[in-house]
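Each structure below appears as structure tokens.
Shared chain: chain A. Partners: chain B in the first complex, chain C in the second.
For the complex of A and B:
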């Protein structure tokens, strides 16, 4: 018994339309693509207005004058469409870039630097043989992979030292292979979810 | 040794927080973040020095194989009379991937210069409103510098597709299927759309270069693209092509941190194996 719910039919049609790209580009896929982009654009506008209202205007209306600065920065973004004052849009962009870099640095120093070194500086010998082998592989992997990413010291990639980056590259490729397999499995899981939806919700045969 | 470290930590925390054992209303420093602060200050000094050295031309970045292929991709597009795509990722300037976005934009500037010089039609589909104007300005400046501004149609060649991940992805996939580009360069932060792009452009017959520092997406680029820039190679590539002494200097500074990390990691592991955990304890302060 096929579903009679129009929402299910729309979802099923769009699922099949999107999947049809696997064969070749076609009008049905193009239709689904345009719907998706249109709906996303509409949703984004609504969310944008809602955010301005909830996180900006509501505070300003309560007398929190500092939010006027946020509005001003937002408005300045649009000056890029003005021939004479287009340069003003660089100020909010500079603010955004500075803010982004600042957040990156704060997180990077702690999580990508000191914590990583502290974890590497752990005993190589574990309580069991497998643990020890694991630790040694991890240690070699970290040290050699790190040496691969040294760009301004040519000596690191030549002579005896040059073996470390080469081993590091293999270590990276091994890690990437494992990650690839893992992600492909996840994607198959997602696709399986859509197939189950078609068979269970739409066609109702399972 | 551990007692000395503990005392040292307590002393520094109490001095900086103005605390004599009572409740701290708002600490300047929190436990476990003391060494990151010192590392941050050292990194700042090292970066400043490295930028000075970069400005004086004392630093050279080694050539990255994937970079040489950019010219090859643009040249291929010109020979085949087909367009080229450059996708600087879906990162913004306000998230932790801002540095990757900036590296991607540096490469965009380089690709735009090459495209304008050699006469390849460049497409840059965008998905972030804050990155969009910067991308437009970089491409416009590149065409202007090559005196080819009349060959650039910003609205057509740098379209803003969508801020929603898969809507943007479907838009790019559609463009790839219909335009059959000769080349595709993806540099910056990518998420689940990376495989969709790489696969779609491969089907369209494009030669591809992928580069990202997002570990989960590198395998897809490595599997499908002709050339791949792994992790930090993206930043080095951005600095290399921009020639900006500040970027080059910061890459050198990062190399210094990596060397420090190597030394501390090796020493720490060997000492910890011998039962001395001083380096690990110090770094956790």
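For the complex of A and C:
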């Protein structure tokens, strides 16, 4: 029993239209693509206006004058389209970059360097055999992968020492392989969701 | 493409019932939520859109089932533009009022999309009321019982996020764990797992839900089977086909190379 809900039919049509690109670029795909872009752009505008209203204008209306500066910085972003005053857009950009770096840099150094290095430098012998094996692989992987990127000392890539960067290269390739495998799984995971939708919601055969 | 499609349709029509091996990362996510005392306050970021829904939607639904079942209070937000569109989809499946007797405003609240990425996270964890005055429906947050005594990071017993963005996943580790020292759990697409897993390995993430596989694990653990468990069979079957293609391609390459030499 095929669904009689028009919304399901529209969703099913757009799913099939998007899938058709896998066989060949065509007008039905372009149609679906343009609809998606239009809807996404419309949603972006609505959300943008809502954010300005809720997180900017609401505060200004309550008398928080500091938000006038925020609005001024926002307006200055658009001066980049003015031939004479385009340089003014650099101030809000500088503020955005400075703010972003200021908020994240301490935590980034802590999470990505301090904690990671401390964990890598932990004892090789763990409480169980698998843990010990993992620690040894991690240690060898880190040291050899880092050695692969040492280019200032030629001896690093020659003789006995040369085995370390070679092992490191294999470690990097293994990591890339795992990443690629996960990417394939993600893409399949995304598409199978639509296949299940077509079979269950639209055709109602599962 | 046709073969891939067929490889997905066959197990969908005739489920194979392949065994599901629950991973450590999903088990850790489940345990972290399970061990929280009833009534704990959880900050939850729905940071994915329609593209990520098939992979992350089922896991989010299973996660909410567990949180509502345990009687936790959930402060929801979205750092993804489409997160506010995913919220009603997810809630239509979870049905907290019908299934758990939960009440909007008393047991959970949704702030909607907040722009700014890490700036938004820092704002929410720093001082909620300095950033947010109303929820997604326009209610004053001070009029909602769930917000009583919830002002910032110290009031959250757990920070959770499920996202398609590496920046957002890392952002919650940076702000939640490193900056505010809160327990953090995360969910991400499988393709992001290799870059996010080091945060789990180092204890910065207490649990990690790895895409649709993690979602299936969570559905199994929470005893709320849904789309992810259905997907497991389909993914196992269709990816076996990919493995066969890779093997055939390599064998053909070596045979051709041998012939040429």
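To be clear about the criterion, the second predicted complex is superposed on the first by the 180 of 206 C-alpha atoms of A that agree within 3 Å, B and C clash if a C-alpha of one lies under 4 Å from a C-alpha of the other, contacts with A are read in each partner's own complex, and residues count from 1 in each chain.
The working rule: a contact is a pair of C-beta atoms (placed from the backbone, for glycine too) under 8 Å apart; a residue touches a chain by one contact, two chains touch by 3 or more.
Here the structure is a predicted model, which is why all the values come from computation and not from measurement.
Novice: Would you check which partner chain A:192 touches, where first means chain B only, second means chain C only, and both and neither mean what they say?
Specialist: second
Novice: Check the residue A:101 against both partner chains and state whether it touches chain B (first), chain C (second), both, or neither.
Specialist: Only chain B; A:101 stays clear of chain C.
Novice: Once the structures are superposed on A, label A:204 by its partner contacts, choosing first (chain B), second (chain C), both or neither.
Specialist: After superposing on A, A:204 lies clear of both chain B and chain C.
Novice: Name the contact category of A:158: first (chain B only), second (chain C only), both, or neither.
Specialist: So A:158 meets neither chain B nor chain C here.
Novice: Now for A:54: first (chain B), second (chain C), both, or neither, which partner does it touch?
Specialist: Only chain C; A:54 stays clear of chain B.
Novice: Of the two partners chain B and chain C, indicate the one touching more residues belonging to chain A.
Specialist: Partner with more touched residues of chain A: B.
Novice: Name the residues of chain A shared by its contacts with chain B and its contacts with chain C.
Specialist: Dual-contact residues (chain A): 43-44, 99-100, 103-104, 107-108, 110, 115-116, 118, 175, 179, 183, 187.
Novice: Applying the document's contact rule, which stretches of chain C touch chain A when the two form their complex?
Specialist: 1, 4-5, 8-9, 12-13, 51-55, 57, 81-82, 84-85, 112-115, 118-119, 122, 131-134, 170-171, 173-175, 177-179, 189-195, 198-199, 201-204, 211-213, 227, 230-231, 234-235, 238-239, 242
Novice: Considering the complex alone, what residue numbers of chain B touch chain A?
Specialist: 33, 35-36, 39-40, 43, 59-62, 64, 92-99, 101-102, 130, 133-134, 161-164, 166-168, 170-171, 173-174, 177-178, 195, 215-216, 218-220, 222-223, 230-233, 236, 251-252, 255, 257-259, 261-262, 264-273, 275, 277, 279-280, 283-284
Novice: Would you mind writing out the residues of chain A in touch with chain C in their complex?
Specialist: Per the touch definition, chain A meets chain C at residues 19, 22-23, 43-44, 47-48, 50-51, 54-55, 58-59, 62, 99-100, 103-104, 106-108, 110-111, 115-116, 118-119, 175, 178-179, 182-196, 199, 205-206.
Novice: Under the stated contact criterion, what part of chain A meets chain B in this complex?
Specialist: Touch list, chain A to chain B: 18, 21, 24-25, 29-30, 32-33, 36-37, 39-41, 43-44, 77, 80, 89, 93, 96-97, 99-101, 103-105, 107-110, 113-118, 120-125, 139, 142-143, 146-147, 149-154, 157, 172-173, 175-177, 179-180, 183, 187.
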